[in-house]
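Here's a structure for you.
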Amino acid sequence: MNILALDTSTKRISIAYKNETNVVSVTFEGKDKHGRNIGILAKYLKEIGVNFSTLDVIGVGIGPGSLTGLRVGISLALGLAVEKKIVSVPSTKLIAANLMYCSKNIVVARKARQGYLYGAVYDENLDEIISPFIETIEGFKRKVSFLKDAIVVGDGADLLFEYEKAEEFLSFPDPLRMLNIVEDEIKNQNFVEKLNPLYLQKSIAELNFEKRKGGRVEKT
Amino acid sequence: MLVLGIETSCDETSVAVLKDGKILSNVVASQIEIHKKFGGVVPEIAARHHLTNLPIVFKEALSKANIKLNELNGIAVTYGPGLIGALLVGLSFAKGLSLSLNIPFVGVNHIIGHIFANYIVYPDLKPPFIVLMVSGGHTEILKVSDYENIEVLGKTVDDAAGEAFDKVARILGLGYPGGPEIEKAALTGKKDRFKFPRPLLNSNDYNFSFSGLKTSVLYKTKEFQNESIPVEDIAASFQEAVVEILLKKTFKAARNSGIRTIVLAGGVAANKRLREEANKLANAYNYNILIPPLQYCTDNAAMIAMAGYYKLSKKQFDDISLEAVPNLTI
Amino acid sequence: MKEIIFDLGEMTKKAMETFAFEFAKNVDEHNLILLIGEIGAGKTTFVKAFCKGFGVDPEIVSSPTFTLVNVYETLSKSIYHVDVYRLTNVEDLFYLLEDQIEDNDSILIVEWADLFPEFFQGDRIEIYLEHSSDHLRNVSIKVVGESERILSFLRRWRNAKKIKI
Amino acid sequence: MNILALDTSTKRISIAYKNETNVVSVTFEGKDKHGRNIGILAKYLKEIGVNFSTLDVIGVGIGPGSLTGLRVGISLALGLAVEKKIVSVPSTKLIAANLMYCSKNIVVARKARQGYLYGAVYDENLDEIISPFIETIEGFKRKVSFLKDAIVVGDGADLLFEYEKAEEFLSFPDPLRMLNIVEDEIKNQNFVEKLNPLYLQKSIAELNFEKRKGGRVEKT
Amino acid sequence: MLVLGIETSCDETSVAVLKDGKILSNVVASQIEIHKKFGGVVPEIAARHHLTNLPIVFKEALSKANIKLNELNGIAVTYGPGLIGALLVGLSFAKGLSLSLNIPFVGVNHIIGHIFANYIVYPDLKPPFIVLMVSGGHTEILKVSDYENIEVLGKTVDDAAGEAFDKVARILGLGYPGGPEIEKAALTGKKDRFKFPRPLLNSNDYNFSFSGLKTSVLYKTKEFQNESIPVEDIAASFQEAVVEILLKKTFKAARNSGIRTIVLAGGVAANKRLREEANKLANAYNYNILIPPLQYCTDNAAMIAMAGYYKLSKKQFDDISLEAVPNLTI
Amino acid sequence: MKEIIFDLGEMTKKAMETFAFEFAKNVDEHNLILLIGEIGAGKTTFVKAFCKGFGVDPEIVSSPTFTLVNVYETLSKSIYHVDVYRLTNVEDLFYLLEDQIEDNDSILIVEWADLFPEFFQGDRIEIYLEHSSDHLRNVSIKVVGESERILSFLRRWRNAKKIKI
């Protein structure tokens, strides 16, 4: 079984590949945009022996996260996955996987628009306690306030003081952990027909408007 | 050779299959209705719809062409100019497909795609010819010396011709899109009543400028402070200015380069006054004028596949790291 | 919120371009620029020169008629150039700006911003362009929010003008 | 500060790179030997923008582990590190880092020669409780028997039934966690002058001999 | 051009710096004493010592050459034949250095290195010449037509010549290494007493075989069941057989290829009987014989740098993914 | 431990090479092969043909005189070819074999293995080569440990020989 897993929802591009004999992974974080880098990485993977034409399953992190970045990864995956099987995983779960074997509840907090955070909560088996959402910082805190003994991971973690904070470099998906999750989904035959990004962004727009309007009303 | 074309640079998601340069299928999913309410193309919405539509359009194109995936020999995709988010969807999809099928892919310049559309419409057309490309986004005079040798002789330094139509329609209180509205109003107007400026008309280059014209129209309307504004006359006089500017430069380009065939392309080429004048001048000076029907001028993947077919035949493959270039020029 | 208004008086096209170019170099604390003025008032002309101040080739700056948003990449950040004239409600505007919304470190410059006053709040700079004659525009600037650098730039510019006149 | 970190002590080659703007990582597991693969990886790292000529610090996993693999990585690092700073980290610690934020004691168990294991024990802060050693399976068990609440990680974990076992794909060093550890060492100015692999192998030979002799003695 | 040479293929860790083909430094750390007690080179021990010694030897070579790191223009390193673990240390170090200094590197065939050693010893030597390479691991006749054009005309199909000396010494109860022991014993022996077989002597190729000769010697000693074995006579007769086989083929090769210069290289070339006969034949048939002093025949990095200098000058750079090849041939 | 001895009688060099080649193809359960016999008995000759059975080019197989260990890569595993004649104590042997020790899935074939009987224990195959005349060697094989495949191969070989003679 030949598997390719990728996530482009954060500023890190994460790709992992597995065939009968090889396991390969790459990550890339840089200034340039994903649209440029993913091609370079694909080229590089091809040269170190990744065979894109014999893939059986494509696993994709579907966000929430950077809109353009996400679409670059998902449309590449769609091209790769024609007539193949697809597994989709929320990128928040991929980030939570960096804290596997931590016995606490794992709160993923990622920066969205100023004043807002993407979030999701997982238990130690990476089962969803709260599925991906977007909230103001205050709203986020209210939403997770019932959790005892939680640890926060993600590039929005520093906005939530109440909980223990995981180290910063664990804030983005790890390719080999992603591969592991994708393999689990394959075992459970959790394939999808379509790949839809978890935009969640409609809500931020609405919320933002409410907030700004609210602000203005208070002033007048 | 079976070539797949992919076009997602603006508001049409399109996939086509060409066999040796002949169309087997050319599926277009237009987002025009979605963007209409915004009065323009919203990049984020366009990108979202491309992502949703592309796999569906792709499947339909394959099934209409009645071919199997692994029969494809190459992929052509628009890599610019266009909306970055929209371009990236098509380009990334093409890269994935190219990797997966292990076939070469080529990036196509959207403008060059529009030129290659002419080879589909007029199978006998061969370079050299002059193209006047006039649309909402473009106003350019191109010299096509050879399939690969395309030169921008001149272009607008500010507003596009279509944009000038739209803005003047706004000033005159007419609807959107402005082109057809102005054309209708002009029918009953006096085209000689106002002498609007023709910026750059006699400049030594082939460039255009329309933002001064727009401002002149504005000032003209202000002159009628208390009277009712002569909308039809202004529309006709404005249209006359645009047509004169466009054709004067185009025919000058043809004359100076010794080329006898002129192609009018883009949405503004639908303007009847422009066609009328163009035909008149062509007859007078003995030029061959081609005005492709509108459906071949709007964005589609067949023209991209056609341009790609040419590059693929010449083995001008692109690297998988090719980037989308929103401001791509020729 | 602190609001200071500068009336910079009449400018020729050339003067306005020089101003916009220099203005861009002093704007770094602000990332929301609103352009307010009629058709042909010179909003796009201003944006062209403004972008040039960030090293963007003015050739690629054009009116976002069709695309509503143009994005120009500078060495440091992206400039989102928006024309909101045709939009009919704020929800549409949110859609339009979603790309920019996530790009925290970008500049948003808006033509016809006065059509959505409730949306464009917070720290910002408003630029008012008015036709005064065929070849002259009256330029005034409203700075909302703290930002010493741009204020001192505008003071210097106004004083220089005064002395000249 | 430009940092390159690498480990070749297991069947996985792990490399991470960091400069002012970019963070890049690769892993490779395959049939071919490290001697071949590391050159290919270096070549492609170069192509995706790693500048080997402006490195400030080289961090190296020094084993214990595969002898030839280790030497390939260490001699490459020595070549890279001429007139530069060097950080050395036991590869067992790199493996333990896969269980960061797990509150148990982390027992690393790696396969050595048949019947033997490399081992080391770390607490949840990755501080050494037992430094790297080599033992028979029985000896290993005796050595860690005093630990309560431990979790075992590494490709030798399945030989130790008594404790919880981490998932198999966590058995090898992760490049970004390695980079993190190397950065910590840099902060503490823990540089070394020489790079000596943690062979530990002299002992296995001796132990083995004892065992075989013992076996024969029992038989006669 | 400043070239760094690195040699770690067997039991010598060596680094040299050459400036335009002239030795600035050539540091060799021998492991001979370490391996002596094992009676041969132990691969794992060799690799360990290379790793420990290489950075030290490297520093010394730089400081003796009195140059700075960033003055180097290229790196040459042995990539085979040799012990895989030992080769990998030098090769990986060279790769790291090449990446770090951003200068090209070339892999050198150890055997070709030995040939290039002759250009250091005899600066006037120019191809073409014939080489008889006889050592513990090699028995080969090489035709050097040009710097780059080196051909193996023949080689042993089983034991090396040095190995035959060692094994016969063992049969005769003499010490190790066998070559000098046999030579000493043969001094007082009758070289014509026993006629040992000369396998392949008259074959049409230039190949050698010594394992049959070794067995013959064994059987000969068994004939003396109760008597004392005539060690000196057997040694002399055996040595005679080896010398005859080696030289007959070598001179045949020279004659057939029309080449007038013959180089005897490798440890076995120290054998006086071999040198004597070689000189005699050379005088008789008018050949030019070169027998480099032993210290230039043992492994060293200067010869690798010399061969590398040649490749670097011709820009025959190797890729960073070059592999070590333990069984590398010419 | 089960020990079975097969006396395969005299063989010419050619016959022994054929035997070693076929033997290699049936040896898969065993990874320790010991060669016992005098100088010139044919140990290296055996190894050459044995390696050929694994697809190794016999040209590269030679006596590990200088290097003590030669390593040959086959498609599936590595073959470590050792000559222990010169070693003086077991510790040296450990050093020598350290590389092989960590390569669990390899074959170890040892010339002069009888010099270190205490080291080479456990499942193994011992091959005894004796000079019987200039051109003949007597070959006998001792199989130690369970391994049906090699036993049935040796039985078949012995019976075929018997019938021939």
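Order of writing sets the chain letters: A, B, C, D, E and F. Residues in each chain are counted from 1.
In the analysis below, contacts are C-beta pairs under 8 Å (C-beta built on N, C-alpha and C of every residue); 3 or more make two chains touch, one makes a residue touch a chain.
Note that the coordinates shown come from a computational prediction; the quantities given were computed from them, not determined experimentally.
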item	value
Number of steps on the shortest touching-chain route linking subunit B and subunit E	3
Of all other chains, the one whose Cα centre sits farthest from subunit B	F
Copy-to-copy rotation for subunit C and subunit F - C-alpha atoms, rounded to a multiple of 5°	180
Distance between the centres, which are taken as Cα means, of subunit D and subunit B, whole angstrom	60
Between subunit A and subunit D, centroid-to-centroid distance (C-alpha), Å	28
Whole-Å gap separating subunit D and subunit E, where each centre is the average of the chain's CA atoms	39
Subunit D residues counted as touching two or more neighbouring chains	40, 67-68
Junction residues of subunit F - those touching two or more other chains	95, 98-99
Interface hub residues of subunit B, defined as touching at least two other chains	44, 84-85
Subunit A residues within the subunit D interface of the complex	12, 21-31, 40-41, 44, 47-49, 99-104, 151, 166-167, 169-170, 174-177, 179-180
Contact set on subunit D toward subunit E in their complex	35-36, 38-40, 42-43, 46, 52-53, 55, 67-68, 71-84, 194, 196-197, 199
Subunit F contact footprint on subunit E (complex, rising order)	10, 37-45, 83-85, 136-137, 158-160, 162-163, 166-167, 170-171, 176, 211, 214-215, 218-219, 326-327
Subunit E to subunit D touching residues, read off their complex	44, 47-48, 51-52, 54-55, 58, 69, 84-85, 88-102, 319-324
Contact set on subunit C toward subunit B in their complex	38-40, 44-45, 60, 62-69, 71, 83, 85-88, 92, 95-96, 98-99, 131, 134
